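Both complexes shown next keep chain A, but they swap its partner, so chain B is in the first and chain C is in the second.
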Partner chain A sequence: MDFKLTDEHVKLRKEFFNVCEELAKKRPEGFTGLEGCYDTDEGWAYHLDCAKVFAKRGWLTLGWPEEYGGQGTIMDKVFMSEATGYYDVPGVDIFGVDMLAPTLHATASQEIKREFLPSIASGERMWCELWSEPNAGSDLAALSTSAVRQGDEYVINGQKIWSTGAHRAHWAFALVRTDPNADRKQKGITFLLFDMKTPGVTVNPILYMDGGHLYNEVFLDDVRVPVKNVVGEENQGWGVTQTLAAFERSNLGAIMGMHRQIEELVNYCNETKVKGEPLAKNPLIRSRLAKAACDLWAAHALAYRIVDAQSRNEMAAFDASAVKVFSGELQARMAQLGTEILGPYGQVKHSRWALFEGFFEKWYQQSFILNVAMGTNEIQRNIISWYGLGLPRMK
Partner chain B sequence: MDFNLTAPQEAFQKEVRKFAEAELPPFVDIMDKENRFPHEVRPKLAEMNLYGIPFDPKYGGAGADHVSLALAQIEISKILAPVAMHMQLQHVVGDRFNKLATEEQKLEWMPQICEAQKVGCFGFTEPDTGSNPKMIKTTAVEEADCYVLNGTKRFITNAPWADVMCVFAKLEGDISLFFVETDRPGFSTTAKMEKLGLRGTDLSDVILEDVRVPKDHLMGGKGGKFDALKDAMTIGKLCLSAQCVGLMQASLEEAIKYAMTRMHFDEPIYELQAIHWLLAEMASRLEASRWLVYRAAFLKDQGIDSIKDLAITKLFVTSTAVDVCRWGMQVHGAYGISKEYKIERLFRDAKMYELLEGTSEIQRELIVRRLPR
Partner chain C sequence: MDITFTEEQEMLRKSAGDFLTAECPKTKARELEEDEKGYSPELWQKMAGLGWMGLAIPEEYEGMGMTFQDLTVLLEAMGNNVLPGPFSCTVVGGAFAIIEAGTAEQKKDLLPRIANGEAILTTALLEPGSTCYDASGVNLKATAQGDNFVLSGTKVFVEMANVADYMICAARTKEGSSDEDGISLFIVDAKAPGISCEVIPTIAFDKLCEVRFENVAVPKKNMLGEMDKGWPIMQSIMQKGAIAKSAESVGGMQASVDMTVAYCKDRVQYDRPIGAFQALQHIMADMWIITQTSKYLVYQAAWMESEGLPCAMEVAMAKAYVNENYKWVTERAVSLHGGIGTSREHDTGLYYRRAKAADTAFGDTDFQRELVAKKIGLIS
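Our next item is the complex of A and B:
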């Protein structure tokens, strides 16, 4: 066992942090997290600019095979996400770089890989994920968007929902039903790629709790997609989604974001006096900050363990669920702590009264995303029960 | 011991519920989305006598008890909490007149407050403090025929369009309470704030620059008015704790409604144990909170010093409300954190209460100092 990073790792990690620190200086005012990328034109432009900077350094292809321009290892990718998470810097397309690229490496044909990987590596093409439907959330396999084959095209009809960034993304990876008569609903699903500008694609905003434009509903009316855009085999799309489990799932980006929040709160408590004493001397505040820091370091250690296991192909499916639930709930608690410490100044929107450009007011509302998106906490707990604890499987 | 509501209390509860369900829904978007207070609601609330529930009918009140006040607050906030918050401020100001003003002033001001011809606001918080009376910087200086007030108040609900303000200021080094008509020269407010929840209850800074008030505007004599603050806060805390109960009740109802209709794996998610767990936790905490609020109101009606009990109630109920609304949101999945469903508003509103009328830390102090030793 060895918890120490090698000198080389330390050096590389520092480089990621230095570059992100510089990029953070150009962040548009009030930019926060994932919503920041998609809500405003400035945020989107910033996202694209950062992507270019990373692409130039080859940092969007960390851990890829060399033949596709890859460099480094999964560990390097983790350091990179620590840096972007800490500075809240975008530029790494979670859909293209984090989800689609590894899926393609694991399951796609040479042609697909050659066609689609270069524009992910160069940071030019941004992606969205069209999986969930109004009646298919946790029970994703219940999806009903249909794709009917006509010659060398599919004709797609249906509705997708919660499609993050679909109003900005260039391309989509979607799940559609190609065989409505399959004996199990997981069969008969196909994973395919299409241009969001294809005729018949309509994107309508759904506003997030804080009023921001993060996700959308997407209507697909007679959308024609070439058959060659299928990833894997027709009707085998469910299997393709399952390979997602093998990706970098440490959540270290979110964890590093929390490190920065704690640092900011500590600074604030050192500088802010209540009844003539800095808040930092208030025993209640100290103990709550200390508790948060302990939880955070526990999450951090768990996350590193997962990366280590992953890099040896040893990870069990429930490990990632454990860190997702733990860090997701911690994120919500941390945002809660932030608003409590800042008091009313943490609850007014970005204005002359707000602290940290209104960050905590926004973050309080965005900190729930991890508890619902990509498998709700209840679903994660089911997974932990089945695979981790060997409890009987239930619906 | 008798845990039942009396017949008049129950009748009143039903009446307010009917009113709230019929009249308030059109104001939801105006307040939450546009962050604007709908003044059209004032005559409606006044007609129901919801601005002076526990006050003597002689002064325009409804002559009911504090349990009824709590019941009304719960029913109103089930539909739209910021309206209940606006009513709360009117009660806090009315209560100060009731307890501290001269008979003549009561007869002049209270009916106008109870009918909402005059809207009140309450000014304690300042840029430097929201809880420590020693740090209050607003000053009152006595002159031959008046007091002259100077200072800045922060986060003042109703301030942008209030007619009268109860202001805490330092007079001869000690805290005193004044009432000030807001059209007096030197009284101004800043732009209203955009905030997370309880939107539409307009909140702003108040700036007092050489504001002159007649000597009879000093309420309850010179000095020692920190007690007046704590006392004023009991009615405020009762109202806001009741509002939290209303929010929790609404969250539970929304969560059940959603869970019964959301189909997953061929059955409503209502059938899943994971959802049972969330709903059961929500219901338990809601009931505990409700009975704490009823009891606090009951003690207030008995004339028992209820500072401790209201602090206990407020501490428990406000943090519980955040949990309950969050669980309600979790039941809704992604729908819960979008603007499509009501639950996210309940959650944002609930968050605002923890630090109103004294942070949780202050409540703990108030409780511990009053525990039997």
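Our next item is the complex of A and C:
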């Protein structure tokens, strides 16, 4: 066993960190996470600017095949997420770069790849994911948005919900039902791509708990999409969604974000005096921050092990579930801890009274993004129980 | 022993619940978060009409003469419905302080007005830089000048100061032999010249304010309690405040459990109500257990306070316990609702945010546990 990075990796990782450190200096005040990208015009512009900087360096195509302009391996992609995560810098479209591109590499035709990969690589076209519906969340295969073929087009009708960034994204990848009579609900689903400006697409905001505009409901009324925009085969869309093995799923971005949070809390506790003593001397605070650090180092070690397994093509879905659950819940605890250490100021929103620009108050609410979206933690635990531990599955 | 509510309390609980559900639906609670005042004057008048502000004020001052425990029954109903506004700070912080420590004149002047819904009160204690409810944090200066004291300094996290008529303000009148010594309390006219107030944006939008005092003249007769000996009164206000907040919180916990159970019976995924999944059943069973234990711990503390028994430890225990568990229950409630629970329009998040706000009010968990640690005999 060897946890050591090669010299080359160390060098590259440093470069990612240096560039992100520079980009972080241009961060709009109060910017953080996904909501930061989608809530304000300023945040969105910053997201696009960072994407351009990364694109120029070829950093949006890490791990892609060379013929599509790819460079490096999944390891490089991981170091990149560590850097963006640590500095809370956007620019890597989680939908386009992280989800759609690997899906296209794994399943799409040459034509689709040629048409859609270049604008992902250049950071110009941003994507959203139209999967969930009001009655199809965890049970995604129950989705009912219909696509009826007319000549070389599909006519799509239905409603999507919780569509993150749909009010800003240029294009969408959607799941629709093309065969309502299939014998299993996973059959008869098709994965397709369309322009968010297509007539019949209506995006209405749903505000997140903290009042930010993160996600939306999207109504699709007679939306016409060319048949050539199908990824994979018609009715085989479920299989397309299951190509997760190709995704970078270490959660190292979130984990590195937490490293930074701990550093900031440590600095704060060293510098802030209560009754003449630095907070850092308070044994309760010492113990809790130390516990957070132990948890975090554990998460980090597990994440590296998952990256390693993935780079050998040995990662199982339940491996990724484990690190998702552990790191997501750790972020929730970290936000709690942050608000607690700040005392009454922990509840203050970004304003002149806030500490850390209201970061912990925000994440006290936003940690649900990690624990509910992309498969809830209950669902992840089911996956671990069934596929990881081989426990019987109740019908 | 009889650990049940009296018939009167049951009636109060029921009628308060019905009234609040009708008059202050959660949509309104959320609207009031964005409202500049943060409460509804109309609703306030209706509540006064029901005698709520005067519930525990003696009859001679136009109140109903009921007990502190009766009041906590009402507070629990308010927490269950997340009623925003200055009820608790007016009644628990204001009226009780005056009942306990006020002069005959102060009582005659203020208590009937509180009972009739004509005066809003609040407590000004915390200051910038002080992170806990500790006497050492009181540095705002009050200096005697003729018939007045002149107050200068800044208070923060003053609940509803934006609409308050009076503030009970802790000030330092001398450098005493200890932190506690030398603190005096003043009933300050919130509109007096030299006072400026700004609302601090907080997670629960509960109108916690920064209040600046620039040479604010307060007549000497408006001192509450004795000169330099105000701290024990403030402690008593804080102790009642902690119980009141805990009572509201257990109301919110129950609402979160009820909402989640109802949703899980109703929401279908994988062709069955999600409540059929044992993974969720056990979470809800735990939410219920924790709510039960929290309630009875709070009821006990409220009863002791109401009976005038020494209960500093029991109150601190209740607050510490409820702090942690209200946050936990509401976090589970949001999670079990999935996407909808994370949205602004849904009620679970409203409780989740309130739970965070309740946590620091009147002393956070560490602060309360320290009190408990001393009381159970740990040397320090």
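Note that the second predicted complex is superposed on the first by the 392 of 395 C-alpha atoms of A that agree within 3 Å, B and C clash if a C-alpha of one lies under 4 Å from a C-alpha of the other, contacts with A are read in each partner's own complex, and residues count from 1 in each chain.
We take it that a contact is a pair of C-beta atoms (placed from the backbone, for glycine too) under 8 Å apart; a residue touches a chain by one contact, two chains touch by 3 or more.
For clarity, every value in this text was computed on a predicted model and none was experimentally measured.
Peer 1: In the superposed model on chain A, is it clash or fit for chain B and chain C?
Peer 2: clash
Peer 1: Looking at A:Thr40 after the superposition, I want to know if it touches chain B, chain C, both of them or none. Which is it: first, second, both, neither?
Peer 2: In the superposition, A:Thr40 touches no partner, neither chain B nor chain C.
Peer 1: When the two structures are overlaid on chain A, which partner does A:Ser144 contact: first (chain B), second (chain C), both, or neither?
Peer 2: After superposing on A, A:Ser144 lies clear of both chain B and chain C.
Peer 1: A:Ser122 in the overlay: touching chain B, chain C, both, or neither? Say first, second, both or neither.
Peer 2: In the superposition, A:Ser122 touches no partner, neither chain B nor chain C.
Peer 1: Of the partners chain B and chain C, which touch A:Gln186 in the superposed model: first, second, both, neither?
Peer 2: Neither partner.
Peer 1: Mind sorting out which residues of chain A both chain B and chain C touch, each in its own complex?
Peer 2: 132, 135, 137-139, 142, 161-162, 206-209, 211, 215, 274-275, 284, 332, 336, 339-340, 343-344, 347-349, 351, 353, 361, 364-365, 368-369, 371-373, 376-378, 381-382
Peer 1: List the residues on chain B that touch chain A in their complex, please.
Peer 2: Listed in rising order, the residues of chain B that touch chain A are 129-132, 134-135, 154-155, 193-197, 263-265, 272, 274-275, 322, 326, 329-330, 333-334, 336-340, 344, 347-348, 351-352, 354-355, 359-361.
Peer 1: Which bits of chain C are touching chain A when the two form their complex?
Peer 2: Its residues touching chain A are 126, 130-132, 134, 136, 156-157, 200-204, 208, 210, 268-271, 274, 277, 279-280, 327, 331, 334-335, 338-339, 341-345, 349, 352-353, 356-357, 359-360, 364-366.
Peer 1: Inside the complex, what are the residues of chain A that reach chain C?
Peer 2: Touching chain C: residues 132, 135, 137-139, 142, 161-162, 206-211, 215, 274-275, 284, 332, 336, 339-340, 342-351, 353, 361, 364-365, 368-369, 371-373, 376-378, 381-382 of chain A.
Peer 1: Under the definition above, what is the set of chain A residues touching chain B in their complex?
Peer 2: Residues of chain A touching chain B: 132, 135, 137-139, 142, 161-162, 206-209, 211, 215, 274-275, 282, 284, 332, 336, 339-340, 343-344, 347-349, 351, 353, 361, 364-365, 368-369, 371-373, 376-378, 381-382, 395.
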